[in-house]
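Heads up, there are several structures right after this.
Look for chain A in each of the two complexes below; its partner is chain B in the first and chain C in the second.
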Partner chain A sequence: MIYSFWIFDRHCNCIFEREWTLANSNNTNAMGNGTINSKQNDEVGKLLYGMIFSLNSVTQKLSSSLSENQINNNIRSISTGKFRIHTMQTATGLWFILVTDFKQQNYSQVLQYIYSHIYVKYVVHNLLSPYDFALNPKEQRGQGIKRINNRHFINSLEAFLQPMLT
Partner chain B sequence: MGIEAILIINKSGGLIYHRSFTSPQVDPSNPTITSTTKHTLNSNDLLILASTLHSVFAISSQITPKALQLSQSNINYTIPYHPYVGVANPQTTPKNNMPTKYGSFKGDDYFKEPFHNWNKSGLKQLSTDQFTMYIYQTMTGLKFVAISSSVLPSGTGSGENNNNAGANTVNINGSQYNMGSQIADNLLRKVYCVYSDYVMKDPFYSLEMPIKSDLFDDRVKSLIDHLL
Partner chain C sequence: MPHQRNSSIQNPEALERQRQYELFQESLPKVNALVYQMLLNEIIPLSSHVENQLQTIPMEEFSEDQTESQLKDLSLEEKQVSNPSSSDQLIYKLSQLADEDENEFNNTLKRVRDIGIKLGTRLTNLLVFTNNVNLNFKEMDLLLIMKFICRDVWKQIFGKQIDNLKTNHRGTFYLIDYDYALIQDFCIETNTIPSQLNEEVITSKELKLVEPFLELPVGIIKGVLLSLGYPLEEVICLATFIDKPREKIRNGFPKGISFHVQITKPNQQQ
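Coming up: the complex of A and B.
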């Protein structure tokens, strides 16, 4: 079961958020359950990103001591007693984050697919979409950000993740 | 599953024990916090690691998904018992190789029943490209951390795979993945047993302070050595 999906940009801002709340309900409307880019989830997004960011900086330090080859040592998943967080970082500094239950362990292919087939297709290749979601170029502390509100992106993401919701 | 390091974090987030097992020969004269065999991490970095893990515990309960908060689904927190994790199995090893039993450890295994996991909303496992970190939290807030060199089986697929193929491969790995977590919990609970015997019963140990006990070191070492 998938609980939520997040995209954070390189300014540490949440640029897309989708949370499913009632995955089991027989809602015919594809957008029916859950929220997209909800204001209520702002704080949760900050906590989630802060947790991943601080853990990632710690593991980067550990990696250089545990092995000689200095390859990237990014976080792939974080488990708590209740749920599991899967992460993927792209070369451009975007974080793709999926919060799920314990049934599946490896969502890296799913995240990779979302990035390469949905994000790149509908957001990167879209001429009308900004290439950077911050409102001003010196953006640092979340003064102004845009969210991904692209209808095609949302629809195809929904269609792709729908089978995994239950 | 090779254990690379064991850390113990006290309830206020301070690192009270650290031991690395990466090098085969650990300096026996000084195997406590000060002994950094080939670690380039200095003690300051380790303290940062410990307090980061501690603070993430508080955060992770805040980010519980709404679906979980609403459904109140009863997750089973019982961890199954795996026999002879970190202890020589009497069926397969000759008697003379058995570890000497002292302290309150009388049987051939420390405990023989499934146990309850107190770590309900905190961090339990952290997987990166190079290692996996398992955390066992006790009822009193003490955290036992094991850093293992095993990593998740990587998704080698190019991302072209459709959903169903992904789900099939994942199901097979899923049991194995949970197994690793269960074995780590079993092992860390034994470290906790050893801790209660050799640290808590030490009259010269002051609470919340770094552990400097040779007996405890020996027992932890033998647990790691007997780990399959």
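Coming up: the complex of A and C.
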């Protein structure tokens, strides 16, 4: 079961959010239940990113004091009583985050696939998408409002994650 | 172009030449298709930017009517801190221009087309004509030239052939490419979730955004015809969107492209 999926860019902005559990209040969403890029999840997104960001800086600090042998000590998942958060950070500073139940241990390949086959194809290689979702410096420190609203991206993400939802 | 007899493929001499040609093709440096496509696509926002700058330079004082919107976008304050002209913004601006300032819009399209023409003449000379034993331009009529564009030129530049060629045998041709390579991953970014919006509105906006990108292949077709002796003013070439056949509709761009080519004085060549 997947509860939600998030993408954050290197300016700490949430640039995409998909939530499958919340009731769908105002829109007629062709994709079934849940919300996409909804305002009501703004706060959750900020908290989620804040937690991952600070945990990650802790692990970075720990690893730098451990040894010269620099293996990447980014966090991969966080478990709580009810769910598990899987994360992947790209070298370009993007965070791909998946919130799931305990059924499956490892979602890193799923995240990698979303990045390489969906995000790169429909956002990076699409010249009609911005290369940077923060349009000006005011939007750079987590204040950005621009989201990925591109139907090819949404449709293929939906098609890819659909079998894992239940 | 070396002289060549028809149907001489069995001939050992011709076979040798064919082999040489293949070796030559292999020896050419290889370029990453993605990078090449991105560069080709950047021509459009670049042309738009150049045209935009040209419009503003000669004016000492900004006149109100034309540049008020530009002033807003290019005000000094903002220019120093951010980049107001990233490619995607330029493309969206360009499609607005179609309604607001037809002159500048058409100049931009012409600029793109001219680049296509230069690319067309040079690339075909460099990559396609050189050492290609399968081509004999002496006996080529217009139909063969069109076939040459569909097969060899398109393959060299876009990595695939034209899907369909139609003609009325009187100098009018339709070259149909159902998945024109450079725009396959293009998709409009909207302000809210696309499923909340009217699909037709989105599609028509998207087509409008993509339209300038079609001037590049138009220019390339004209450039190839120019290098084969059809002057630019005798060739009409227009690109339009057409529906894809059902089996081709998948994730790519929703429309195919039809290039309408017309030679106004077809008999002068013979």
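Rule of thumb we're sticking to: the second predicted complex is superposed on the first by the 146 of 166 C-alpha atoms of A that agree within 3 Å, B and C clash if a C-alpha of one lies under 4 Å from a C-alpha of the other, contacts with A are read in each partner's own complex, and residues count from 1 in each chain.
The rule is short, and it goes like this: a contact is a pair of C-beta atoms (placed from the backbone, for glycine too) under 8 Å apart; a residue touches a chain by one contact, two chains touch by 3 or more.
Worth saying up front: this structure is predicted, and the values here are computed from it rather than measured.
Once the two complexes are overlaid on the shared chain, A:62 sits against chain B while remaining clear of chain C.
Within the superposed three-chain model, A:106 lies in touch with chain B and out of touch with chain C [touch as defined at top]. Chain A is touched at more residues by one of its partners, and among chain B and chain C that partner is B. After overlaying the two complexes on the shared chain, residue contacts for A:131 are found with chain C alone; chain B is out of touch. Taken in their complex, chain A has these residues touching chain C: 27-31, 36-37, 121-122, 125-132, 135-137, 148-156. Residues 1, 3-4, 19-23, 44, 47-48, 50-51, 54-55, 58-59, 61-67, 71-83, 99, 102-106, 108-110, 112-113, 116-117, 160, 163-164 of chain A touch chain B in their complex. The residues of chain C lying in touch with chain A in their complex are 34, 38, 41-42, 45, 78, 81-82, 86-89, 91-92, 185-196, 202, 206, 209, 251.
Residue ranges of chain B in contact with chain A, taken from their complex: 4, 22, 38-41, 45, 48-49, 52-53, 55-56, 59-68, 70, 75, 77, 117, 119-131, 147, 149, 152-155, 157-161, 163, 166-167, 169-171, 173-174, 177-178, 181.
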